[in-house]
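The two complexes that follow have subunit A in common; it is paired with subunit B in the first and with subunit C in the second.
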Partner chain A sequence: MERLTFDLHASSVREINQFLHQAVPEPGADLVTIEHPDGAHNLAVGLNAPWQVRIGGHVGYYAAGMNQEATITIAGNAGTGLAENMMSGRVHVRGFASNSAGASAHGGLLVIDGDAGLRCGISLKGADIVVGGSVGSFSAFMAQAGRMVICGNAGDALGDSLYEAVIYLRGKVASLGADAQEEKMQEADYEAVETLLRAAGSDYRHHDPRQFRRIASARKLYHWNADARHSY
Partner chain B sequence: MAAFSDDPPTGQYKLSLYAETRAGDPWPMFRHRLEEFLQHPVELDTRANHAILLAEIDPNAIKKWLRNTAPDIHLLAIGRHMTVYKDVGRPTEVSSRYALESLQGSHLVGHTRMATESAVTPERAHPFTAGTDFCLVHNGSLSNPYSVRRKLEAEGIEFATDNDTEAACRFLEWRLREGDSLEDAIEQSFSALDGFFTFLMGTAEQLALVRDPFACKPAVVAETSDYVAIASEFHALAHLPGIQHAHIFEPAPEEIYVWNV
Partner chain C sequence: MPPIDPAIPPQEMSASYDPAILSYIQRAAADGLYEIRGLGAKRKIPHFDDLLLLGASMSRYPLEGYREKCATQTILGTRYAKKPIMLDMPITIAGMSFGALSASVKEALGRAASALGTSTTTGDGGMTEEERATSKILVYQCLPSRYGFCPDDLRRADAIEVVIGQGAKPGGGGMLLGQKINPRVAAMRTLPAGIDQRSACRHPDWTGPDDLTIKIQELREITDWEKPIYVKIGASRTYHDVKLAVHAGADVIVLDGMQGGTAATQQVFIEHVGIPTLAALRQAVQALEEMKMKDTVQLVISGGIRTGADVAKALAMGADAVSIGQGVLMAMGCNASTWTTPSGEPVDATGDYQTLGASPGTCHHCHTGHCPVGITTQDDVLEKRLSPSWAAHRVQNYLQTLNMELTTLARACGKNNVHHLEREDLVALTVEAAAMAGVPLAGTDWVPGSSTGR
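== the complex of A and B ==
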């Protein structure tokens, strides 16, 4: 357990991930730094203990996937599938994240300071996502549970075929997806946005929850409507 | 790999040739036959199966002569600025076989093909070329290459392979030849080409990058004051000088990115 700084010029991804798959030995010995990631895939994947992982650059595909309990901070950008299927914990990317960030994440918090690519939060199952920039098309597609706070704009078909996930959008949307509708913000929504912005960190303090709009499911796709079969 | 150099000798064309044979050196005999045909000496820069023919000649006359008299020699590209090297094998092997690290010029376009749509041969490797000084590499797969091809064949355009990428390459070059700007040609391709793609194109003066509306295929760009570098993922750019200070971004879907040389 002696190595708490890894350099990907010297260590392999497997070596680092295997180290991180151990339980945290004792409180205070949980900080692991990874230098020179250089776009490596599958970094810090499948963690299952409250490690504090700091990655000092850009990462490739599926970084922090399936995370449980760990707090993972990425100083650079992230490739496709960041924090996909996260169960709990926290993943924070200082740069942008490519397609499908937070796909099917069940729990925890994903923070993306820059823009997110297409299909951000696709099939979200309970996690919270805060995006400092804008999200691409088809974001929150079929999202079932959880919340998304988007401080910038959204692309086409936002929230297409939404279930019970809720989207809070500050900027403009290119188009809403099927069954997604804008709804009036209630006091509980303002509180939710405030809580999530606070959780995302000090960079998000300047946003006013009153600038956000709520987008949720109209629930018209939940049941087959024989009278409107032509519209499916 | 296609390399564009910036100072072509006046009136001269560079023809990128590929010899099928691996038994012995095919080029001395080829040179002898070509010089007999042209009635003057030619300059031939040979590297393994490739040769660049530099000559002040009509490329179409050479094309016809090759087809009739040297069917085992393939004309891969015609350019005043562009030369093309492509072959089958591991990227590091192909790169060292043709000493690609020694290529010089203003811009390079290259891609390792993972074949899905047609056979694995040097002709079907990337970049694809059409006309003069135009090349294209493609990550993805087109779903309507045959209808595009039939349309182009009706315009008198000939195809060298059965590969889907060639349809995109010839479509775009046809639009350029019809007078479209590179941006207009790409705009037209959005309605003409169906499928998924990240395309990187090179002309003598420009480099263009575009992704389909669903952005299924990755791309990342690094810009510095010294260079622009484009790859599928950051991992391929991580070793570049000054990359830590580069402006790095992912191209948005259906947006046209053009860099002028």
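== the complex of A and C ==
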């Protein structure tokens, strides 16, 4: 298979995205490597075909934004808005992710090997997120659907104003947000955690699903309610 | 009614505690929650009615109203987009959500806009197939909630509008109460049916104008730099917000003044947050002129645009186009006393208004989903009261009337193109309006705040 390599010292983000917005030309010609990203913003955004993209360093804002179908691996760290509004496919960051990773993502799998910053999974709408490290405050804020597996710890206000998304947390939480509560793990939860850890890759196999706790919505803010005025 | 006792003198009402305030206090005391309602601001504030156009006489030469042409073509998005928006008139339809409005209404808006060669806009519920199919030119909103936001729809849109705020509630999020969430609305928003749906007040993946710059680039990258990017601002600190939006890379700025409507928000927001459309427009134009971007970044003004005179005055003040939400809903029968059957028969709706505790002309119950004329509802029975073809025809008539009024006024000012209207063509009736709009008080050359007059 011929391997196509872009070097951001020689090509622009525009040229690379333009190329990746095409359909995959033929089976086996889908692997693209991007070298010297050097923190560039908006890299590999809006992909809509099953490309295999490997980015050889740190990326800036919105890397892999709105991804559909593609598998994107980032060797370094990622800036704000990683894989925001992803619809399908897979995005895997080997380093850390900044704020709002996976924001409003509808589908697919986002894996962050390091820590994630504030608001990871904010407004999540159906995607799965696995974080190898810890997440910052207000993670899963107003998350509507989907699952988050957090292998490390969580900051303040985890799951604030949660809707139907579910969080699985292995470590400690600084505080739960409004309307979030810990619930008893069921067999289906253990299976879900195991499935997601397996999907995240071999680095996650040593985790035991029985070490995780389930955080979900208490559903007390689902209807306008004067008795819950302190939560508004 | 007991007979009036002539021995008792007429009673004086408190100015501070008038019936409206008494009603507010009693309602708050009963419910313990602030009031949520629709329809936008009810109080009278300075508006385009406080300006007048100076028709031509001796110093200007008018055009013949029914013989000479007056161009209305409007182009939006000329700064960066490969495919700017070409409109036949400078009047567009504002973003209103499927969820707040029925699917029939969204379809009707698309049909009317297409018939007139103008655009319509999605809202806080994503893009419906009916809307896309009927709209020749469709602006797709990128909202803080990101309900139903999809890159496929982004690519199917003709322009993208990043919504930062709304005139009725700058700084505030939205609330679609559970009674309006039927299974289709719920599915589009990835939420259970029947629960209250809060829309965030800020975007999930950026926190300020520097981030917005990169976000706009992302939207351009995803759509290969083809589509104009609009940025919609709720009017408050307008001068600075416009400058920041230009700096962030907006092709078009949509500015929504406080007379803008809403389907549901806190009354305290509607009446007490933001600034009037008139004042906001002047500040926006000033910001664009100072940046020397007036002809590069287009300005669309919204928030209480009702008549062709409003449109003409807005254009004269420096807007490139206007956007109308509440007005087109009224054209469809919002607050009318009847709804119309498919065979054209009017049916009395006053009983339904009374059930809501309202009457035709005073209804603001968009948030309840019990709209008597089938506009702001997801109820199957009520929605059927509005025929998309009837409603589209009404909106088409309404906007066409506005466009004719606009050209009539422009010709009277001696213009063969509505975009040639200018501040020179305006005076103000009140000192307040003169100060806000930056035009002279009628009969004087005095512009309040200006040391030189004009």
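Here is the rule we go by: the second predicted complex is superposed on the first by the 222 of 232 C-alpha atoms of A that agree within 3 Å, B and C clash if a C-alpha of one lies under 4 Å from a C-alpha of the other, contacts with A are read in each partner's own complex, and residues count from 1 in each chain.
Simple rule for what comes next: contacts are C-beta pairs under 8 Å (C-beta built on N, C-alpha and C of every residue); 3 or more make two chains touch, one makes a residue touch a chain.
This is a predicted model, so every value here is computed, not measured.
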item: Three-chain arrangement built on subunit A, subunit B and subunit C clash or fit; value: fit
item: Partner chain in contact with A:F96 - subunit B first, subunit C second, else both or neither; value: first
item: Contacts of A:N77 with subunit B and subunit C, given as first, second, both or neither; value: first
item: Touched partner set for A:S139, first subunit B, second subunit C, both or neither; value: neither
item: Superposed model, subunit A: greater residue contact from subunit B or subunit C; value: C
item: Touched partner set for A:D38, first subunit B, second subunit C, both or neither; value: first
item: Subunit B versus subunit C as contact partner of A:G60, first or second or both or neither; value: both
item: Which of subunit B and subunit C A:G117 touches, first, second, both or neither; value: first
item: First (subunit B), second (subunit C), both or neither touched by A:S217; value: neither
item: Least C-alpha distance (whole Å) that remains between subunit C and subunit B when both complexes are overlaid; value: 6
item: Contact residues of subunit A, present in both the subunit B and the subunit C interface; value: 41, 60-61, 80, 99
item: Subunit A-touching residues of subunit B, taken from the complex the two chains share; value: 213-215, 218, 233-239, 248-250, 252-253
item: Complex interface listing, subunit A residues touching subunit C; value: 13-14, 17-18, 21, 41-42, 45-46, 48, 60-62, 65-66, 68, 80-81, 84-85, 87, 99-100, 103-104, 106, 119, 122-123, 125-126, 141-142, 144-145, 161, 163-164, 221-224, 226, 229
item: Subunit A to subunit B touching residues, read off their complex; value: 38-41, 58, 60-61, 77, 79-80, 95-96, 98-99, 117-118, 136-137
item: Contacting residues of subunit C [partner subunit A, same complex]; value: 31-33, 36, 145-146, 149-152, 154, 175, 177-178, 189-192, 195-196, 198, 200, 204-207, 211, 214-215, 217-218, 221-225
